[in-house]
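Next come two complexes built around chain A: one with chain B, the other with chain C.
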Partner chain A sequence: MAEQYLDCLGEACPVPLVKTQNAIKDMAVGDVLVVGIDHTCAMKNVPDWARGQGYNVEIEEVGEGEWEVVIEKTC
Partner chain B sequence: MEKKRENYDVVVIGGGAGGMTSALYAGRARLKTLLIEKSLIGGLATYTSEIENYPGFPEGIDGTELMKLFDKQFRKFGVDVKLTDVKSVEKEGSAWKVSTFRTDYIAKAVIVSTGGRPRMTGAENEETFRDKGISFCATCDAARYTGKKVLVIGSGDAAIEEGMFLTRFCSEVWVSVVHDEGIMDANEVAREKALKNEKMHFIWNTGVDSYEGDEILRRVNLKNLKTGEIIPVDVDGCFLFIGYLPNTKIFENLLELDSRGYIVTNENMETSQVGIFAAGDVRSKALRQVSTAVGDGAVAGYMAERYIAEVEVIENDILNKDRTLVYFYNASENEDRTLLTRLELFSKEKGVDLTVIDCYKSDKIRKVLGGAETPSLSYYEKGKVVAESSLREKSDFSFLEGII
Partner chain C sequence: MEENKTIQPTLYERLLKKEWSYYAGAVMISILAITLFMFSGSTWGVSGPLTTWGAQFFSLFGVDASVWGANIDSYKFFGNTASMTDFGLLFGALISCLLAAEWKIRKIKHWKQFVAGALGGLLMGFGARFASGCNIGGLFSQLPRFSVAAWVFLIFVFLGATVGGKLLRFFMPPTSNKRPQRKRLTAEQRKRNRTIQIALGVALIVFFLIVAAVVAPTYPKAPYFIVIGLALGYVMQRSRFCFTAAYRDPTLTGETKLTRAVILAFALCTIMFFGFQASHVDLADPSTYPGNPINLSLMLGSFIFGIGAVLAGGCASGTFVRIGEGYVQNLIALVFFIFGSVFGNAITSRIAGSFMTAGSKVYLPAILGGNIPALIVQLLVLLGLWIAADKWEQRKRG
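Take a look at the complex of A and B:
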């Protein structure tokens, strides 16, 4: 089960979401993607999309206005 | 990915008004506290644009704004926050294990404030048009339908009152009611006002069959429950007010729930499991408001603090000792007190410690330890029960002969 980091810091919507979708497409079930974001709108649409797919999602605030969205591809 | 383990005094599940208040009280009592929220902090109150009945804000306040203030306040007390879904809560020793997909949090006390969600009809295409024409909050979305035609589903207080609110904005408000003509679940005052309202039109004996549209909802097909006839209603929006469901799925086999799935507690917010408390909308109660959630949260946070102090007594006075007798009694009972005097002599004679637990005010420690009903005596060695007996029928200590 691999873990992969996707740097979306400094990127505005919808770039983080599109990058996340593309990255996850090539991943295997059970793999984990960590997306680094600092744009508040991505903090909503990236987790919303991932939950909608049925994936496990956890958001961690790693610094002031900076988050890591941890997504486990479950299906 | 290896699962992490982290220890906390208190884990609060749910980041609405009740959860944030619980976390505030726990954090302020200097307990190591974690709040877990599955999506965004703020809870159901953020769906209300104007809260007029939360004291302290005489001009009214936007729900999201109010929740931001709550958020700022509880974080001041050093509470950790995790935004993720809780998968399960299980007993682990005298503590509770709260699991998310990446971490197991071991907590001495857990406060459940998971709230609820609006009930859906389950009709065809409902998920497709959720937030694309299907709405659950008139206060939030009414302005979007200014001069338009909307359909309300339901006939309870929420449906009729929110429906009347919608008539201030919309050109037409149609209401689908499952009952016969003239019958509604709403209170009498609301019912009469609604029947007189010229913009309100009722479609009796109906429920939703399916939803239709393109990018957004265009039509709701109602079904006459008596004749089976399909009645297409072209609309710009549809509001569902058919009740509310508590988020208690993961607690079904753990906590006592009422017939509608809400968590049953006593007035101290204690659930059927020692060490688990509940606060806010998820609790079985009469009134669900920000103000009542705040009250619940304060009590739950305080009771969790008291409970943890009691658990510490257990650990320091009983489980960490080489050997000790534990006497559970009711200090208000004469006979129990006489027994205590005899026991004090007995323990001195045997040269073993005696820990006395008064269960008159709170029976919790006895329950956590699993001791028999008062008066009873247990003998512990290195944190484990070696012998125990009720002293209710027979008040002699002979069962300890040869053991101590």
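Take a look at the complex of A and C:
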């Protein structure tokens, strides 16, 4: 149940999604990845992709236009 | 993480914060594009004014703009539709972002992002001039009008975006797993910030309505274009619409949701343009055909444009929208897009008439023997692409 943070602040699409995909690949089932994002488009495609993979996704707005996407690798 | 607390979104969140679906964006953008066409008589374009702005900039230093093949003497901001809709994209997105209380300056944190924005912008400027339009003016506005050149643009911009996706890893900032130190705001401070942003958003709306009213006596059509431009920016921001992603993501991330939304927009515009096309284009007279000629310049330009759009993190329209949202990387991209347009224009005005521009316009109904066959074929091809994109995403997910 390791938790890892991935800093994608200030990064434009598709960099956050590519980095998220790469990070998740190396994680074990049950691990949690927290992605820091401030790109509104990435805020849609990162959770979209993760949900499509069947992972648990939670989103917290930590500041104006800045979010943390919490992805649990469930499978 | 098995929490099931369902927080009901407030009315504010539902109206002004929650993002729209890509399909909703596609429908709205199609309707706005057609509305723009009805009011202005020409289709939506984005990259055109950039050459003029660049030439104006150089003329400040005494450079004769005609050297670059641009005419700035007759240019009037409120007399130029694309200039108004470009600013509309920027400020519409800004308003959308402020009303959602999500605006902030999105700084670049690594020099590679500067390089990506600058190089991407330059390539887009070059590409748009070689292809006589960006993916709005040369693709989105022309494909529904049965211009086969737009299909050629689509193929080459897709190839360019795929190459751009491969190059992207050289421009990605290094992966950092350190959580940035951030002062957590209290609930009260956040509420205050939110109120300020919403108030600014409302103030901007009022400001632009005043501008529209002030220029209306001199430029009777300008208010329409200001409002349509702002609406386009608002819709693109709210639905997170991105033309670049539509042809970049299938090969890069395997996602095709935006691809399918753009295909839907193509289909809707094809249907909405159909009556006009059928009644205004004379199949026997090629000079009435819409769109660009198919030539090497178009293929090269759309390919380069595709690479640039992926590196910069947005095409021409996307760049304006993201600047409105506060992205520094896209602002860099715009500056270099303008330079690229001016230099690209200087080159294309010299290669005119060479083998690069040898080619002619191809109009789908002319080669298929009628408007109805063209409509059916085009919609079937779009449907086929939509299904292929859907299958592609499922396959990529494994």
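By definition in this document, the second predicted complex is superposed on the first by the 75 of 75 C-alpha atoms of A that agree within 3 Å, B and C clash if a C-alpha of one lies under 4 Å from a C-alpha of the other, contacts with A are read in each partner's own complex, and residues count from 1 in each chain.
As a working rule, contacts are C-beta pairs under 8 Å (C-beta built on N, C-alpha and C of every residue); 3 or more make two chains touch, one makes a residue touch a chain.
Source: prediction; values computed, not measured.
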{"item": "Partners on chain A (chain B, chain C) - clash or fit", "value": "clash"}
{"item": "Contacts of A:E60 with chain B and chain C, given as first, second, both or neither", "value": "first"}
{"item": "Which superposed partner A:L9 touches (first chain B, second chain C, both, neither)", "value": "second"}
{"item": "Partner chain in contact with A:V32 - chain B first, chain C second, else both or neither", "value": "both"}
{"item": "Broader residue contact with chain A after superposition on the shared chain, chain B or chain C", "value": "C"}
{"item": "Touched partner set for A:V18, first chain B, second chain C, both or neither", "value": "second"}
{"item": "Which superposed partner A:K44 touches (first chain B, second chain C, both, neither)", "value": "both"}
{"item": "Clashing chain C stretch [against chain B; choices 61-69, 187-195 or 385-393]", "value": "385-393"}
{"item": "Residues of chain A that lie at the interface with chain B and also at the interface with chain C", "value": "32, 44, 48, 56, 58, 70, 72"}
{"item": "Footprint of chain C on chain A - complex, ascending", "value": "4-7, 9-15, 17-19, 21-23, 32, 34, 36, 38-41, 43-45, 48-49, 52-53, 56, 58, 62-66, 70, 72"}
{"item": "Of chain A, residues touching chain B in the complex", "value": "1, 3, 32, 44, 47-48, 51, 56-61, 70, 72"}
{"item": "For the chain C and chain A complex, residues of the former touching the latter", "value": "1, 3, 19, 97, 101-104, 106-109, 113, 165, 168-169, 172-173, 175-180, 182, 184-185, 190, 193-194, 197, 237, 240, 242, 244-245, 248-249, 252-253, 255, 257, 312-314, 322, 325-330, 393, 397"}
{"item": "Of chain B, residues touching chain A in the complex", "value": "1, 39-40, 81-85, 100-102"}
